[in-house]
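What follows are several structures.
After this come two complexes, each holding subunit A, first together with subunit B and then together with subunit C.
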Partner chain A sequence: MTAAEFGLDGRQGGALRRLSALFWRRPSLALVGLVVPPLAWLVLIYIAALGVLFIAAFWSVDPFTGEIDRTWTLANFEAVVSISTYRTIVFRTILIAAAVTLTDAILAFPVAYFMARIAGRRLRLVLITLVVLPLWSSYLARIYAWRLILAHDGALNWALRAIGLPSLSIGYSNWAMWIVFSYVWLPFMIMPVYAALERIPPSYFEASQDLGARGWRTLVKVVLPLAMPGLIAGSIFTFSLTLGDYITPVLVGGPGSDFIGNVVYSNVGVANNIPFAAAYATVPLVMMALYLWGARRLGAFEVM
Partner chain B sequence: MLKVVEPKQGRQAPERTGEALLRIEGLRKAFKGTVAVEHVDLDIRRGEFFTLLGPSGSGKTTTLRLIAGFERPTAGTIMLEGKDVATLAPFERNVNTVFQDYALFPHMTVAENIAYGLKAKHVAKEECRSRVAEALRMVQLSSLGERSPAQLSGGQRQRVGLARAIVNRPGLLLLDEPLGALDLKLRQDMQIELKHIQETVGITFLYVTHDQEEALSMSDRIAVFNNGRIEQVGSPREIYDRPASEFVARFVGTSSIIERDGRRLVLRPEKVRLALSADGFAGGGWHVESGRLEESVYVGLFTRHIVTLDGGEAVVSVEPNSDGSDGGLKAVRGQTVTVAWKSGGVFSLAG
Partner chain C sequence: MTTGSKWMAALAGAAALIMPLGAFGAPASANYPAKIGDGEGQLNIVAWEGYAQDDWIKPFEKETGCQVHAKYAGSSDEMVALMRSGGGGEYDLVSASGDASLRLIYGGNVQPLDVKLIPAWNDFLPNLKSPPHNTLNGLHYGLSYEWGPNVLLWNTDKIKEAPKSWAAIYDAQYKGKVTVPDNPIQIADAALYLMKAEPKLGIKDPYELTQDQLAAAAALLKKQRPLIKKYWALASDEIELFKNGDAVIGAAWPYQTNTLKAAGVKVEDTIPEEGATGWADSWMLSAKSKHVNCAYKFMNYVSTPKVQAQQAIYFGETPANPKACDAMNAIEAGSCEKYHLNAPASYFDKIHFWKTPLPTCADGSRKCTSYSDWQRAWQQVKG
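Showing the complex of A and B:
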C-alpha cells in the first residue's frame, strides 16, 4: 500500500484546502482577509458618520425655508456655550452621569468581590446569571417598572406607609433618574470589575497578609489598584451610557430634567435643526474624550 | 552567575542552641472529606535550614500554609517562639513566606514591593529606605530597585521575593518550592546562594520541595512526607543512608529493594558493582550474585546498568565514566554478569 491509498497525500483535497495552504504560506494574506472587512465597516460606517456629524455642526438652517445652509459658521457652538439653558442641561447630564458611575462603582465592587473570591463555583454561576438576567428583558419595561415603584402612589410609598414612615415624592425628579440609571447600568459595572478581580492570583492576597497587612491595607494597596482597569472599563460604560440616554429622562424625569440626548432628539425631530443637534451631540463626545484622557493620566490603564 | 555573599563582619553566627523555634504537635488538616495532613509532629531549631520533602499531594505545602496562617488546622498546635499561633491571622505571626509564583505586586516597583511589609508595620521612612537598600544588596539587585517586576527574569523575581520576605527579619522564613520555576543551571546556582544567605542572616529557613537532590544538598535536617504524614526526620546523610521506610528509600535517591533471608535489603546503585567474572570480589566482604544485563544507558557523567538477578529481581547499578575509552563494563545486552555489593553498603528495612 502507498501513502496515497491511506489518504496521506498532501496534494489531495479541494479548493478550500488549497486556500488554507496559500494562507499558511502567506500569513500576511490571511491577516488582510481577517482585518479588512471589520476595518472597512468601522471606517466607512462609523468613523465617516461621526465625521459627517462633526462637519454638519458647522452648518446652519435657514429659518424661513428650513433648508440646510452649507456655509461655515460657529453659531451652533456659540449657542451651546452662551445660552444658559443648554449649559444647565450639559451640567445636569454630566453630574448625573458622574453620580451614577460613582454609585455603580460602590455597589458593584462588593458584589463583584463576593462573586470572584468568596462564592463557590455554583453560587458564582447563579450570581452571574442574576446580574445579567435583567439585560434579557426590555430596557423600556424595566424603566416603566421603576415608574410604578417611584410614583407618588407607587410601591415605594406604599411600603413606607406600611412601616409608618412618611412618603417620599421622588418620582419624576433627578433623584428618580439617578436611581433608575444606577439600576439599569449596574450589570455593566459588575461584570468588568468581576473579571478584573478574578484575574488577581490568590497568592497576592496571601503575600499581602503575610507581609503584615490587614484587610484594609490589602484592599487599598493591592486589590483596588489591580481592580482599577475593571472599574475604569465599567465606568466608561456607565458614564457614556448615561451621557447618551434620552429615554429615562422622558419616562422618570420630572419637568425640566432634560438631558443632552433630549435636546438632540427634539432638534432632529420637532425643531428640524440638524446642524444644532450635531453641535450639541459633540458635547458628550468631547466629555468622553476628556474622561479617557484623564483616566490615562491617572495611570488607570497601566496595570492592564 | 553565582556570586558569593560575604558574611557580614560583626554579625553573630546563627545560634544553634538546639532550642525549638517551632514546635508542631498533632497537626491535622482535612478539606471537605479528604485529609491533607495528619499526625504531624515537628521540632525546628533556631538557625536551622529545615526541609519538608515529599511528592506532590503529600501534605508538605499544606503544612507550610498552616504555619504561615493561610489555612486553619483542623486539630493540633503550632508553637512559634513559645506561643500557639494556630488560630492567629498571617499578619499576626512573626513569619514570612517566599511564594512559588513569587507573588510580586505587579503595580509596584521592586523597591516598593520590598518596602511593603515595612510600611505595613509603620517602620520609619529613613530606616525603611536603608533596610530596602540592604535587602537589595543582599540579593545582588541594587541597581534594579526602580524596575517593575515584569521587567525582571525569573531568577531576579525570585530574589526580589526573597528580599521582600527577609527584609522583615522574621523569626522563621517559609519557602514554598521557591526554585521550582527556574531552569536547572540557575536552580543549582540559587541553591548555593540561598544557603549562603541563610547562613549570613541567620534566619531559620523552612523549605518545601519535591526535589530530593535540592533537599539533600541544602538542608540541615529533612522531614520526608508521604500521604499527609511524616515518614522520617533526619539529617540528609541519615535520610539517604538509613531510610526508615521503603517509601523513603525509593523517594530519596534511587533504590533497588530485594529480599534475602527474610530481610528486605535496600541497594543504592552506586554501591552495586558489575563485572564479567567474580574474580575481583574474593575477600573484602563482598556479597556476590549473578544476573543478566538487561540495559545499559549512557548518561554522560555515568552509565546506568539494569540487571535481572537470578532470583528475578531487577537491580540498578551506576558506573562512573571515568576513563572514556577502555574503562567500564564490556558486556552486551543479555549477557550473564557478576553482581556484587559489600554488606556494609546495604541496609535492611524494618518490618
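Showing the complex of A and C:
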C-alpha cells in the first residue's frame, strides 16, 4: 500500500509513516504521547490550581489598599478555627450533608431493590426514566418549586389545612434545606445502588433460601453487604454534592443556614478576601479526603 | 534548599503570577477634553441589565452615530472585573453602584469627568452632584444617574398602625416575620438606627464605624436574628416572602413595594424618622477610554429628563435629575410622586447613600473598619 492509496499527498504520508514507524519501533514513545496530554491537563489545570489555592490560603489582604500581601501567615486558619461562627458553619454543613446522605440511602434502597429485582423489564425502563428525568430539568427550577411548596401560604400548608391539620412553618429553615437536598440528590443514590443490586446473581438468593434463611435474614446477610459498595458510591455523590452546594442555602435556607460554600462565595465576591476564602475552602477538601479514605477502607472503590 | 521547599517556592511563584498584580493603583488625574468633539462611532459600556434598552439607545445611536455595545454585568464585582479586563481599555463607560465606584476610583480605572461639559449636571439633586461615592478631592469620577432609597416595607393587613421608626424591624412582636437584605451593608442600616437610638456611641456616618461602633451595630443585628424569617438575596425573594405571608415587615426597595402593590398585596412603605440608606449608580469613564467623545455625548444624553424618566420607569428607580418629573408622569401618571422625585429637600437629606466602608475615616484617621471587617461581622450575625 502506498500513500497515494490513502489519498494523502506524498510528503504528509511520508511524515505520518515515519511517525507510525517510530511508534512501532519504540512503543514507550506512543504511550508517552497518549498519556502526557491528559496528565498535563490533570496536573496543570487541576492539581496546580489546588496547589495555588492552598498557597493563597497562607496570604492575607492589606486592609488599607486591598492588595494581596504575600507574607506567610497562619492568621486565616486561626480565624477558621477560633471564630465560633466559622466552626458552626462547618458543623452545620457536615451535619446536613450526613443527614441528606442517610435519608437518601434509606429512600433509595427500596426503590433500587424494586427496580433491580422485582419490576419487569418494561416497568424497570419506566422507573429508570422517571428517576433520571428530573435531572434534565434545571436544578434551580426544582428548588424554586420547593420554595413555593414549603412557603407559609404554600401547597404544603394548604394541603395540611384541607385535611384539618395545623400548618407547619418549615419554609426557609434548615428543615427545608434537608428536604430539598434529599430530593435533588436522590437519583445519584438510586442509580449506583440499583447497579450494585442488579449485579447480585439470582443463585445467591436461592442458596440463601436453601440454607434456611428467610427474607429478612437474606436481606441483612446477603443483599445489604453486596449493595454496600453501591450505597457508599452513592453516598460519595450525595455527601460531596451537599457539602459543596451554596445555592440551595441561599434559596431555601433561613437565618443561620449558611454553608461553607456561602462563606467562600461572599469572601471572594463581596469582601475581596481571597486568602481567607482559600483557607476556608480547604476545609471541605480535607473533609472529602477523609471521607474517601474511609470509603476506600470499606472497599467502595473495588466495585466502582 | 531542599527539594520540598524548592517545589513550594515554584508553586508560590506560579501562584503569584496568577493572582491579580497591582490591582490597586492610585486615582487617575484629570485629563479633560477641551470640548466634546465628533463621535468616534463606537461606545462600549458595561451596565446593569435594563440600563441599555433600545427605547433610548436607538435614538442616541441615530442622533450621534455612536454605536453602543452594551455588556451586561450581574454584580458589582463583575463590573469592576470587566473594567479592569484587558488592561482597562476594553470598555468606555460603566454604570457603577456605590459599592463599586470607590474601588474603581482608588484602582485608577476611571478618570475624572468635566461636569462643565454636561450641563444637565447643574439640575441634579444637590446631594447627588458631588456625593462621596463618586467624587474624591473635588474631582468628579462619576456622574450620578439613578438611585433608590432602602425603605421600611410592611403588610397593612397584618400591621394596622403605620410604623414610623426602624425600631419596628428590631421589635420582638414581629418574631419570625421580619426580612432584611442579606448584605453586609445592612450593618449601615443598624448604625443609622443607633445614631438616633444610642447617641452615646457617637456614630456620625453609618458607613464610617470604629471597632466599638461596628460591634454595637453587630450586637443589635444579632439580637434581631431570631426575629428574621429570611435574609433576602434577590428582590424577588422578598416579593415572594410578602406574597406568601412569610414576612410582614422588612427593609426593601421601592421596586418591591410597587411590584407587590401591582400584585394586589396590601403593603405600604416609608422612610422612617431616622432616615434611610440608599443606593445610587454613577456613569464612570474608563481611564483608558478610546471613545471619549461618544462617552461624553452618551452621558449628556442619559442626563436629559426624558431618558432619565424612561430609565426610572423601566427599572423602578428615581432619576438624579428632578426635571425628569414631568416626563415620568407623561409615561406613567403619578410615577414622579411614586418614586419620590418631587419630594421636598428634607426627604433627600434623610438618605445616606451607600459607599464602601474604608479603613480610613473621612477625617484621615485610620480608626475606621474596612468592608472586610463588615463582611466578617455580618457573617457572624447570620451564623
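The definition used in the following text is that the second predicted complex is superposed on the first by the 259 of 304 C-alpha atoms of A that agree within 3 Å, B and C clash if a C-alpha of one lies under 4 Å from a C-alpha of the other, contacts with A are read in each partner's own complex, and residues count from 1 in each chain.
We adopt the following convention: contacts are C-beta pairs under 8 Å (C-beta built on N, C-alpha and C of every residue); 3 or more make two chains touch, one makes a residue touch a chain.
Keep in mind that this is a model prediction, so the values were computed, not measured.
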Side-by-side fit of subunit B and subunit C on subunit A, or clash: fit
Contacts of A:Ile68 with subunit B and subunit C, given as first, second, both or neither: second
Residue contacts on subunit A - larger count, subunit B or subunit C: C
Which superposed partner A:Asp153 touches (first subunit B, second subunit C, both, neither): second
Touching partner for A:Glu206 - first (subunit B), second (subunit C), both, neither: first
Which of subunit B and subunit C A:Pro134 touches, first, second, both or neither: neither
Contacts of A:Gly244 with subunit B and subunit C, given as first, second, both or neither: neither
Partner chain in contact with A:Pro225 - subunit B first, subunit C second, else both or neither: first
After superposition on chain A, the shortest CA separation from subunit B to subunit C (Å): 42
Subunit B/subunit C common contact set on subunit A: none
Subunit A partner contacts - residues on subunit C that touch it in the complex: 8, 11-12, 14-16, 18-20, 22-24, 75, 77, 103, 106, 176, 182-184, 225-226, 228-231, 233, 237, 240-241, 243-246, 359-360, 366, 370-373, 375-376, 379-380, 382-383
Residues of subunit B that touch subunit A when the two form their complex: 68-70, 89-91, 95-97, 99-101, 103-107, 116-117, 120-121, 164-165, 168
Of subunit A, residues touching subunit B in the complex: 201, 203-204, 206-214, 217, 221-222, 225-226, 302-303
Touching residues (chain side subunit A, partner subunit C) in the complex: 48, 51-52, 55-56, 61, 63-68, 70, 83, 85-86, 88-89, 147-148, 151-154, 169, 171-172, 250-251, 253-256, 258, 263, 266-267, 269-274
